[in-house]
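Next come two complexes built around chain A: one with chain B, the other with chain C.
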Partner chain A sequence: MAETVTITIDGQQFQVPKGINLVDAAKMSGTDIPVFCYHPKMDPVGMCRMCLVELGSVVTNRETGEPDVDDNGDPVVRWFPKLQTACTQTVSEGMVVRGATQRVRDARDDILEFILTSHPLDCPICDKGGECPLQNLTMAYGPGESRFVFDDKIRLDKHVPLGDLIYLDRERCIQCARCTRFCDEVVGDDVLAFHERGRRLQIVTISDPPFDTKFSGNTTDICPVGALTTADFRFGARPWELDEVPSICPHCPVGCNISASTRLDRDFGGKKVIKRIMPRQNEHVNEIWICDKGRFGHHHARAEERLTTPLLRRGDEWVAVDWDTAYSEIAGRLKKAGDNVAFLAGNNLSNEDLWELRKLAHRTSNTPRLGVWPAFMTGADAVAQAGVGTGTRLQDMGPDSAILVIASDFEEEAPVWWLQVKQAADRGAKVVVANGRPTKLDRYATEVVHYEYGDAVAVLNSFAARARSKNKIDADFTARVDGAAELEAELKGTRVPFADAAETLLDAEDLVIFAGGEGLTLDQHRELMQAAANLLLLTGHAGKPNNGLVPVWPGANLQGAFDLGFSAETTAALADQPPTVWFIGSADPAAEDAALVQSLANAEFVVVSTQFMTPTAAHANVILPAQSFAEREGTFTNGMRRVQRFYTAQGPVGDTLPEWRIYANIGARLGGDKPRISAALVMRDITQNVPRYAAMAYPALAAVEKQFPDVGGDDLYYGGTAYTNTGGLGIQWPANAEDESARLQVRPVQLDGYQIEGLFAVPVRVLYDRSTLFEQSEMMHTHVPEPFAEINNQDAAHIGIVDGEVIRLNVNGAQHLLTARVNGQAPAGVVLVPQLLSKTPIVIGPAACAIEKIGE
Partner chain B sequence: MLAEKYADRIEKIFSKYPDKRSGIMDLLYLAQEEYGWLSEDTLREVAALCDVDPTQAHSIAGFYTMFSEKPKGTYWLQVCTDLPCALRGADQFYQELCAYLDVDDGGTTSDGLFTVEQVMCLAACDKAPMLQCNFHYYENLDMDIIKGLIEQWRAQAQQEAAE
Partner chain C sequence: MNLIRGFATTIKHVLEGPVTIQYPEQERPVRERFKGRHALKRYDNGLEKCIGCSLCAAACPADAIWVEAAENTDEERFSPGERYAKTYEINMLRCIFCGYCEDACPTEAIVLEHEYRLSFNDRRDAIYTKDRLIDPPPHGVPATPQVTEPGQFDRSIPDMENPK
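Showing the complex of A and B:
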């Protein structure tokens, strides 16, 4: 434990870490100090006055430096004449606190009576009722009846939309400023503020768009009353009817721990259904935050469009069949296909699904083709070597740390990591953002590098060259690294165009690199990941916590797919050698890649397991209805290689099955074993066959430990309604660099840029898109833009187009009508094309393009 | 627009502070001087100049009683009715003033000449009842004195209108 101090609370002595907040220290010691405005993840303000305590300190003799003692030999305590707010106190040696005295109790009663003067008594219809800090503290404190005149009660608006996701009830607000401080301190979007003062104080926004941060839902968790509610859950259910089921968000590589609040629902055939998604505390992953995509992106699990029975193509029609018929049809085809089949795994299949898909593939061929989708990022071998150390916590990164985010629009691709990196920057961590264009993280960056798309690898490689020329090579570490000397020789003489950025990174004690895939070809991306590993291994920034490489994969479980033998290179090779039979697991390549649409159309037989009728499924001969993350158990491996369990939250839709079971059933018809009876047993098979996953048995993944801050539990006032983690913190598999006996490898990287003349299109990722699952959350549709292309201002002026105009984009031999955005974001010569804003593929990688003005 | 009309003054304001957002109070005063009050559009204009979110400008304008987010009369009478002033009769004075001008709390007279409102402490408790008219202090008031002042201001306004 770090340095500690001894404090006395109500006569009992406790050792607590030096420098922490008194409310936190009391909480750690098992004493609750009630709070409304204080939140352990934000700076204290001392606004609500609920945390008043009697506070004293030991009197130190100025001459001797020893504590003064009274006649009995006890230290003399000097008490503050008035009660103090505990939340604004930092613990110090000898601090004495009394929280259980009548004086304190009276003060808290008075504060509560004051807070309640105009608070409405609408608990019976309030969403927060049942999990409300104010309700709970009113039961514990307060006079029971008010002396204020009811007729003087202030009446205010009860349904104020702060944007279209969050509603404000002005009467319920107790003006704790948690929401405004969250927006300001944590997120950095100052879109909520107080207006007026005194009794007229109100939360307002006049921002445009209004309350539209990607994290707005979190304010409803930390709101200590029912003033802020989500459009999703508002009047949806009562908290006490809900069962909390631990789960993992299926939308991005962060792997946020979530809690699915479920209940038996009339509107869902009396089965269990998800009513809302709440964050679940995991201080190694998402702390207590989730983004709005995770919070509001669960509706796909119960969407009416869900496929409920296996479908067989008969001519132009789909015929619903039973599972046996579907299995027999597929098994017969696979038997004949032999090596002529390709297996494509989507980015949110669970590890269990992937394992059974792989087993099925190996049953059809000795050298099966196992591809992932999407397939624009690779470099799992670099991650295996130099991946971020186990035990990494972004919230521990501060002034001694540096973070490089390269080739990623971080807030759009991994919002909660963005949030944590932004907060690290606030704490003094050096953040370098490198991309071909400005992104939102630039605001918080120490150094911003805007390279020309195509030069990403060269830029990262030059950082390693700078490490060499500035003697930042860690010789002790490189003794374990094969090829280090050759690489150093190769780096000699490399030009370093962004020397300040390089040195910002190299001067730090800890270094984490987040590598995305924006603007890179697959070959370049392999080199980018290697260049990242080179830099980290040469400088010894690997093999320990808060150091190493984190890939910003697209999707929740691409890491798992790579771990279990699937690869992006295999997918890329399918373009040249298309198989005659496709077996696609929950992927929708036809919505993203025009070339694959053709291959699918030409194929003899296509099997797709999916939850929805996607453009890819439309090419299928057999469609297998799959279960969503909500209806089954499984595990995802996040971008930091943490394997995390999700649990069954809702009843199954129709005849759907978990994909691992579907694949195992087909395998059984090809002579394989009977399917396992549970996902846990599939994972047991994985632990026995995949060395990295040896420790990932379900009981181990379910292990929890006490986390700080101790949010959740019954006292909701402390951290809000983020839930205690009861489902498991997950386990990270260690990178090779962490094993001191392991040899590591580096190699010089290929620096080739593009060979594209003139204007070229770069696909970019946006958070709110029309991907298969997220598209089903209709409430978010207003946040999904119409398909657009961002065009450089000069280029636009040259072609004669203005912001908002509809243009024609010619790319890869196809034409697309898109709305032009001319807003200074796109670099010269580049057209930024967001992916998946429609179901029509546009570009999948950097490609030459032309823009045409559409005649008047 | 402020940016064009007062380019020099704005530059001078910003030069006083380490970052632009610190200049927001000065700019809000400037905007109020120019437009008479702070409309939502004005708040957006100032926020853009200071590089902050419009909501923050709105919040600041709402907190300080010296800023007005509503159109005001020619004479803006702000009476302090905080506790020490009230003990010296300021609240009763305020009510009588409202009655005399025939306006509600915070209202403007029908001729558009006077706006009256209550404000928080103006740091002149010992001379209450007191008010500030367009930021000038008038102290140790009673109804006779204020009636005289009001006649003066009316006459002044008429004279200005005649010119």
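Showing the complex of A and C:
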């Protein structure tokens, strides 16, 4: 711990870190100072006055530097004449605090009585009732009765929609400004504000569309009263009736820890369902925040469209069969097919599923084809070498740190990382954003690099060249890097187009690179990841916390798929050599890749395990109904290589089975072992066979430790209703760079761009899309745009298109009707095409295209 | 002598008439505070008093009550305010008729009435659903859901005052 100071709280002395907030210091020492407006993740404002304490400092003699003492030998304390707000104080040496005196108690009484004058007593219908800081603090500190004349109570609107996700109850609001400050300070979206003054002070949304932020749900967690409620949960259940199940968000590579609040539900046949998703604290991953996709994207777990029995194709019809029939059919086909099978793993299969799928694949062939989907990013070997160090916390990164985000629309692909990088920028970290187009992170960037799509590798490579020319090579570190000398020789003379950005990165003590895959071909992406590893290894920014490479994989568990032997290159090769039998685990390539649709249609036999009838499943001969993340146990490995457990939150739907069990059962038909009886035992197999996962046994993954700030539990007033982590913090597997004895490799990278004449389409990813799971959340449909294409202003003017017009996009020999967006986002010559806004594949990688205006 | 005294007692009781009553043809009236089967009450305008707050379920020592709430709108209003009980069930096999639910109710919606004839052919019949528990609307008043004027019933709980 850094420098400490000694403070005295209620007569007891404590050592606390220097310069922290007094409320935090008291909390760490085990003393509660009640607060409403203060939040440990935000700057203090001192609005609610609940934290009033008597504050003083020990008087020191100026000559001797010793504390003055009175006649009894006690140090003399100079008290402030009035009570002070603890939240606006930072601790200093000799600070003396009294929080248990009558004077302080009276003040708290008065503040609570005052707050309650305009707060309705409708706790019985309030969603916060039972987990409400105001309720708890009133019980703990408040007056027994009020002198207020109830006829004077002000009446305000109780049902004010702030956007379609969050509702505001104006009466309940106590004007603590936590929500407005969260949006302004933490997220940086200027969407909520105070309107009017004094007793008429109220929260309004000032953006169009209203409350336009991807993190709106978090305001309901930190609201100390029931003023903000989500459309999803409103009146869903009382907090004390909910069972909390620790889980992991299945939507993106951040791997946010979530808590699924479950309850039995008559509308769901009296079975358990997820009523709401709340964040679960993990200071290494998502702190206490989650995005709205994670919070409102859980409805697929109990959707009516879920497949409930195995289905067999008989001609043009689907016949429901039992598992045995399905297994026999598949086993027979797999036996015959031999090497002619391809296995495709989706991006949210758990590690256990992947392991059993791999075992099944090895049973059918000695050299099985194990592909992943989506398959536009690769470079797991670069991650294994130079991946971000274990113990990395983005919230620790400050003025000495630099963060490079390259080829990723970060807020759309990994919202919570975006949030943390944005906050790091606020703390003074240098953020360099490199992409072919402007993205939202540009506003917080120290340096913005807009390269031409296709030049991403060259740009990153030039940063390494700059490191060489500016003597930033870490010779101690490169001593254990093979190929460093050759690489340096190769880098000599490389032109550095964005020298300022390079300098910014190289001057920092800590460097993290987030690498996405936007606008890159698969080959280029492998080079991009290698270029990132080159830069990190040459400059010694690897093998320690807050340094290294983080891939922004598309999906929750692509890292796990790569770790267990699946690869994107295999998927790419399938286009050239299509197999006769496909075995697809929870992936939907037919919605993204037109070429694969053709090979699926041509295939002899297609097996798909899935939760829903996807376009891919429509091509299947056998469909196996799989369980969602909510119905089973498992682990995901996030983009920072942290293996995290999720637990069973609800009972199975229909006859569905966890995918690892499905694969193991088929394997058993092919002469394999009897299936394991639990996911924990599958993980034990993994720990015994995959060296990197040796430490990932379930009990170890479930280990928790005390985290600061304290949230959940009795301390709802302090950090909001994010849940205490009881399910485990997960374990990161260490990158090779962290092992002092390991040899590391670098190599020169291929810098080839792509040569496309004229206009070309670049697929981009958006957060709110129509991907298989997320499209089941109907409440989010208004946030999913119609399929559109962003076109450069000049290109649009040239063709004669205006914003909002419907255009025809010709790409890869197919035509698509899309809404044109002409908003200055697309660089010249580029058409940005968001993925998965419809179920029709448009474009999967950069490709030449043409745009036609549709005549009136 | 003792024999005569004995006969006298017998004859006295013969003349007294029977104390048994012919249940179920005849019924003994119950006391005012008798705690029998629950009823969910309505306001005079026909709206349900129950707001689906689940406090009865929280108070219930036998875990006999199941409540699921939903949101009122002015087009489909069940109760004053925003919240109403979509599902309200009491398992009479579990209920111990302690009356805690009545005490816990902030709107006096649930009342233990005088009905005590509870017998079932099937365990499932013992679960009283909301339509079996709720009183019929007063004469001439529409049942719930009602269509109401916006702003008329936006508060669920009658204004509370300090206990006097």
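Note that in this section the second predicted complex is superposed on the first by the 855 of 856 C-alpha atoms of A that agree within 3 Å, B and C clash if a C-alpha of one lies under 4 Å from a C-alpha of the other, contacts with A are read in each partner's own complex, and residues count from 1 in each chain.
The rule is short, and it goes like this: a residue touches a chain if its C-beta (ideal position, glycine included) is under 8 Å from a C-beta of that chain, and two chains touch if they have at least 3 such contacts.
From a predicted model like this one, the values you see are computed outputs, not experimental measurements.
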First, second, both or neither for A:F150, with chain B first and chain C second: second
Which of chain B and chain C A:D208 touches, first, second, both or neither: first
Which superposed partner A:D265 touches (first chain B, second chain C, both, neither): second
Which of chain B and chain C A:A193 touches, first, second, both or neither: first
Touching partner for A:W240 - first (chain B), second (chain C), both, neither: second
In the superposition, chain B vs chain C on chain A residues touched: C
Footprint of chain A on chain C - complex, ascending: 51-55, 57-58, 66, 68-71, 81-83, 86-87, 106-107, 154-157, 159-162
Contact footprint of chain C on chain A as seen in their complex: 120-122, 124-125, 129, 145-146, 150, 153, 158-159, 234-238, 240-241, 265-267
Chain A-facing residues of chain B, complex: 40, 43-44, 52-56, 58-59, 62-63, 120
Partner chain B, residues of chain A touching it in the complex: 189-198, 204-208
